[in-house]
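Encoded as structure tokens, the structure appears first; notes follow it.
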Amino acid sequence: MLEQAQASFLPGLPGVEISLQGKLKRASGFSLSLNLKETISGVTAIIGHSGSGKTSLTRCIAGFEKNTDLHLSVDGEVWQNSSIFVPPENRPISTVFQEARLFPHLTVMENLKFVTRRFPTAHKIEALDHSLQNFCLPLEEVIESLSLDYLLSRSSNELSGGETQRVALARALLRPARLWIFDEPLASLDAQARTEIAPYIQMLCKRHAIPVLYVTHNLQEVLQIADNAWLMDAGNLKSLGSDSELTRQFPSHLAVDEDIGGVLECAWKAYHADYGLSELALSTASVFLPGDVLQNTQVLDNPHDTNSKIKVFIPARDVSLSLAKVADVSLLNQLPVKILAVETDTPHTRLFTLDCQGQKMLSRITAYSASQLNLEIGQTVFALIKTVSLAAPDK
Amino acid sequence: DSPKQTPDKTALRIAVATNFKPAFERLSKLFLSQHSLVTISAHYASSGLLYAQINNGAPYHIFLSADRTRAQNIWKQQNPDTGIFTYAYGQLVLWAPGIENPEFEWLQQHQGSVAIANPELAPYGQAALSCLNKQAGHTPAYQLVLGSSVAQAFHFVASGAATAGLVAKSQILDYGVAEDHYYLVPADCYAPIEQLAVVIDSPPYRVEGSTTRIKIKAFMEFLKSKPAQSLIEEAGYLRGYPGE
Amino acid sequence: MNSDNYWSELFTATQVTLSLAATSTLLLICVCPFIAWWIARSQSRTRPFFEAIMSLPLVLPPTVIGFYLLISISPGGFIGQPWSALTGNNLAFSFSGLVIGSFIYSLPFVLQPLVISFRNVDEGLLEAAASLGAPPATRFLSLILPMQKRALIAAASLGFAHTLGEFGIVLMIGGNLEGETRVLSIVLFDQVESLRYQDAHSTALFMLALALVMLTLVYRLQGRIKHA
Amino acid sequence: MNSDNYWSELFTATQVTLSLAATSTLLLICVCPFIAWWIARSQSRTRPFFEAIMSLPLVLPPTVIGFYLLISISPGGFIGQPWSALTGNNLAFSFSGLVIGSFIYSLPFVLQPLVISFRNVDEGLLEAAASLGAPPATRFLSLILPMQKRALIAAASLGFAHTLGEFGIVLMIGGNLEGETRVLSIVLFDQVESLRYQDAHSTALFMLALALVMLTLVYRLQGRIKHA
Amino acid sequence: MLEQAQASFLPGLPGVEISLQGKLKRASGFSLSLNLKETISGVTAIIGHSGSGKTSLTRCIAGFEKNTDLHLSVDGEVWQNSSIFVPPENRPISTVFQEARLFPHLTVMENLKFVTRRFPTAHKIEALDHSLQNFCLPLEEVIESLSLDYLLSRSSNELSGGETQRVALARALLRPARLWIFDEPLASLDAQARTEIAPYIQMLCKRHAIPVLYVTHNLQEVLQIADNAWLMDAGNLKSLGSDSELTRQFPSHLAVDEDIGGVLECAWKAYHADYGLSELALSTASVFLPGDVLQNTQVLDNPHDTNSKIKVFIPARDVSLSLAKVADVSLLNQLPVKILAVETDTPHTRLFTLDCQGQKMLSRITAYSASQLNLEIGQTVFALIKTVSLAAPDK
């Protein structure tokens, strides 16, 4: 699933440094404690339980929580502290709210025009960011990419849930910004629309080097487009970083069991056009993926650079273990691995941490199999991975 | 002459044209001092309004109108046995605050607004208009503004919005304007401003000898009496009832 | 009585009335949304007091307001004096004076419906507009006002109707000058007062019919506007 | 003049005024929400016409409305006659008559803000209530009315303030009876008319202060109600 | 994933027969054509693209589309035609709207009380359904099951997105109903909350024999709780039925490729407590599942009835093919199957339809493996399925 260009693929631009300290206290008793200093680029997923404070966090950054004890500075510029408050309209941030908040008296097109009429004469924003003026997404592109053509003359309270969300997203994309905040932008969309729009967001984010804070509950979305993740837990923010441990950390908090796994960083090796298989190199071993990885991965500046690293997410539940290589099966990927550790995952399954050419991966098998095979720490076995499990969503 | 000495709660309800209010207050004080068991409730409004009310069953006993037509209309509509008489004549004065001893000659040259009551609504207005018309040798320089009543015409002047006005002498006295600051318009240039009192025909009045009837008659008699007429004269009117 | 005279008087008075109502409604609808917006959104502790002040013209009898107005707009008054100095004209007994009077008197009727309506505006939409880069003035002018079209029309028509029927103040500061300050309501009042009941009935019917037609049209228009 | 007399008159008139305003506001706030709801939601083609009719009391000068009311509620009038037959009392020149007059005159000021506010009610919430088994009457009574508390208060206070200042009608059909129909606005009017300007200033100040305090309190209360 | 009691497990009550014919035309040009007559019980998923008419359909059934040319009758009783219109409040239907529609001036508790105050004195509804009066969910149970305790005194516009949705769901559950309509009730919830609430809905639906029309975009939810599905496609409704072909039909319309698969109906055989493995019988073969299937499946009237059928969904991407049984691997399930058909699924994968003891299942492998193994139609091979792939979400 996760199979994407690394941060180093980005067109050389630095990220945005966010420094956010302080507290937000709600009348309801909820309190958000923030202590964050991080340079973000690419897509940063914000995950966490319902009511944990994700939306509150984004509101703090976007400038909708005024009477709080917050200190926010972005790229060293103070936006909010006890004496300064840059109002939301002067922050170069574009937000998609959890509820779409379309202007009900306007048509879809008028909702979009509400933004485009105002820009790129980005008056005050200049003060905060000079590069902004250069960038403004063309209205037509956004309309087409989010398939809004047929909706344009519709009154915006005559839309279906998913249509509403797409219009809200489009409207936000049209505002020139240095940071995007999207609060569950695709929650009401069907899987197909989602797999079309998520990569589009990811592509925009990379093409224009605009970092995205992306609140979502959909793990598939996280794995598909996130470069790193922040975890919100009962009002406490924790950056999970962007390393291969990212997905490893999900389960205890959020994911259903199917979602844990490991990430292997491979180098591109070859594309076998006849069978539609990509071959990636993992030190000496080969990993096969269906389809042309380089084509599916949307933004590669220099695809045939042998240094190009490609991340492949391998779900633990898709990895079987075998004492020996197996012949005559459809399982193409059979990687020699060393057992590093074993955990009692659930009463009847075991989670093995494996060393595969110096990188970690996970395998979950039944307790029964584990005892049948007599697996021990240090032992070398073969990890069997179905190739199609690794398929990227087809275009 | 004095009413029956039986306690009777019903007040004597008298509808009074607003411009007569100051005089009436003094009159009623005098009347009450003579008739200790009577109470009076006075209803002040413009004569036109009171007329409409009486026509629609207002429970008044006596109507002190500021004009002739309305009172006579009422009188004609009812039992001719009810009394009607002129209790006072209004007097018209020219008043221009800040001007000493103004005269009509001064008014002719005056460039400002002159307030009078609406001639269609108020006898004072009719009187003022006929005087102005008689004086007009050439087109006057002033602008004429109409108040719906003589009281309003007075407000116009008192507030300074209008620079001069033809108002009632009773108002001038009540307001305390000094003797030499107004001009009493000669009575011959306007028709007399008759103020009529009329008894309103009501069921208690029809009962011969009822307390109410006695009170009504008593007040009407009082109004004709010399002390009452002197009070009226003091308030800036001419005596309406010359008799002793 | 004089039928010719009656109709020409009515016609002139209708003209004056409609221009007075239109002018003051126009002024009100230009000014009130801003005040209403401030009242509806202010967190200030003085807001209720200020709001109450705005409603005071309701509380005094119109003729009394008229009386005080008369004092203020008379050539020596605190409005009348600077006005004369500026324009050379007298404000009392003039059309402009009437406009000021109507403005003050009808203010609460235009203001309050707007306040009520603005209080219902979803805060979320304002945040959305801010997030799209619209500063407060823009949010108000190009989001709230168009969104509240229906409330604006309703408030304006309330103000308009009220100015049509206004009379106490006009009586007091107008001076009943034909073609300048004699409005329909005064004509009607005069007719009633001078016992010309037949004329009064016709005039009242005429005013009612005029208002009925105009209000029906406005309210129908309003029904056509679908949203908020 | 007579200071004692002045204060006792003022006191009695204040009592009458407050009970009149309270009674008619109470009546209005019981009746108007239903009419407003019908107007706000009706799809009927006659709705704009009916809405205009409800606004007509605005259009005629109060004394003229008073004149016609007087005719209707006089013992021979089409309201007065059945009323006398039923209660044995005279409606004209009574407190009940005043209440009827104030009711009619203040109706549009209570009604229109409610209509504006009800038009803003989210249709979705009504659907939700229906889906939870609430029939139309329940939806209105136990969802809309509590939700629109703020608008109800605003409308009621507009009506209350307006009744305080009402004067033309009261004068016409009330007849200025102390303790029964002599309200503050009439006292003030009398004082102005009889050139007792000093008294008038005090009375006007008193009325303004009374209204200011009451309105400020109401508007502050209103600010406390957070939602819709 | 899908692993649940069949309709015959329901407490003997018949479903609800819905007959819906006619058209709904929208000003926007959208038109819904309905021609449906079906007896539904259990959870019926309504799936379809954004804007395809799912919400419109539910509005027609719930009675929110009055001026339309619709004929609706339920259990033979006419609710809507050209002359009759039963208003929504008199239809024994409880709806969760796509937008939560909480009453903003009330607290959470008052929102719930708005319903409970009104019932069970279910006045007019009696006319439509006599059995209704018997059933009313206890307030406390609903509050606990949806974890609302800490929210009760909150004003309902001070909630997070997910909290709002839970309250809306609770409110709807409290209304006695003969049919539930839930329009994406869990869209704003995180995976964990979802895996807790979805089975609760399913359980309620079975315990009280109330059919649910369940609009969702989440395929996992469909597979987890749906008994059958309706597909809405550009205003046309099609019942997909509830057979094992259900999931087979998804991909072309909605699902991302990972979601296709087959459903095997197995009988319960044994639970091996020592390894936490359930053994199910598929004719002569055995299928192993982790955990105690009978415990995980929430409502079983008679769990040890040997006729109990248990549906197991087997995703095509989790099935590998082997020419022979494989030893020494952690793959427990190795079923002998016959190849029935092979399709070119994507340019580089092949989708095999397999016959497994008379039932159909699917396997997707790479084109490369397919050609390496020389697989042919009619050939008997072994389907290898990782046991943990079949795990039900743990409690």
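As written, the chains take the letters A, B, C, D and E, and residue 1 is the first residue of each chain.
The working rule: a contact is a pair of C-beta atoms (placed from the backbone, for glycine too) under 8 Å apart; a residue touches a chain by one contact, two chains touch by 3 or more.
Since the structure is predicted, the reported quantities are computational estimates derived from the model, not experimental observations.
Distance from the centre of chain C peaks at E, each centre being the average of the chain's Cα atoms. Chain A and chain E have Cα centroids lying 28 Å from one another.
One inter-chain figure worth recording: chain A and chain C are separated by 58 Å, centre to centre, where each centre is the mean of the chain's CA atoms. Rounded to whole angstrom units, the spacing between the C-alpha centres of chain B and chain C is 36. Centre-to-centre spacing of chain A and chain D amounts to 61 Å, using the average Cα coordinate of each chain.
Taken residue by residue, chain E touches two or more other chains at 99, whereas all remaining positions touch fewer. Looking at chain B, one finds that residues 49, 52, 155 touch two or more other chains. Under the contact definition stated at the top, the residues of chain D that touch 2 or more other chains are 63, 67, 192, 228. By the document's touch criterion, interfaces exist between A-C, A-E, B-C, B-D, C-D, D-E. By the touch rule above, chain C contacts chain A in their complex via residues 122, 124-125, 127-136, 138, 142-143, 146-147, 149, 226-228. Those residues of chain A that touch chain C in the complex are listed here as 62-64, 87-90, 93-95, 97, 99, 101-106, 114-115, 118-119, 122, 124-125, 155, 157, 171-172, 175. The touching residues of chain E, when paired with chain A in their complex, are 26-28, 47-51, 54-55, 98-99, 154, 158-163, 166, 183-184, 187-195, 217-219, 254-259, 272, 275-277, 288, 290-291, 317-318, 320-324, 326, 328-332, 346-349, 363-371, 373, 384, 386-389, 391, 393-394. By the touch criterion stated above, chain B contacts chain C in their complex at residues 46, 48-49, 51-52, 69-70, 73, 113, 115, 118, 120-121, 143, 145-148, 152, 155-156, 159-162. Of all residues in chain C, those touching chain D in their complex are 47-49, 51-53, 55-56, 58-64, 67-68, 108-109, 112-113, 115-117, 119-120, 150-151, 154-155, 157-158, 161-162, 164-168, 185-186, 188-189, 192, 200, 204, 207-208, 210-212, 215-220, 222-223, 228.
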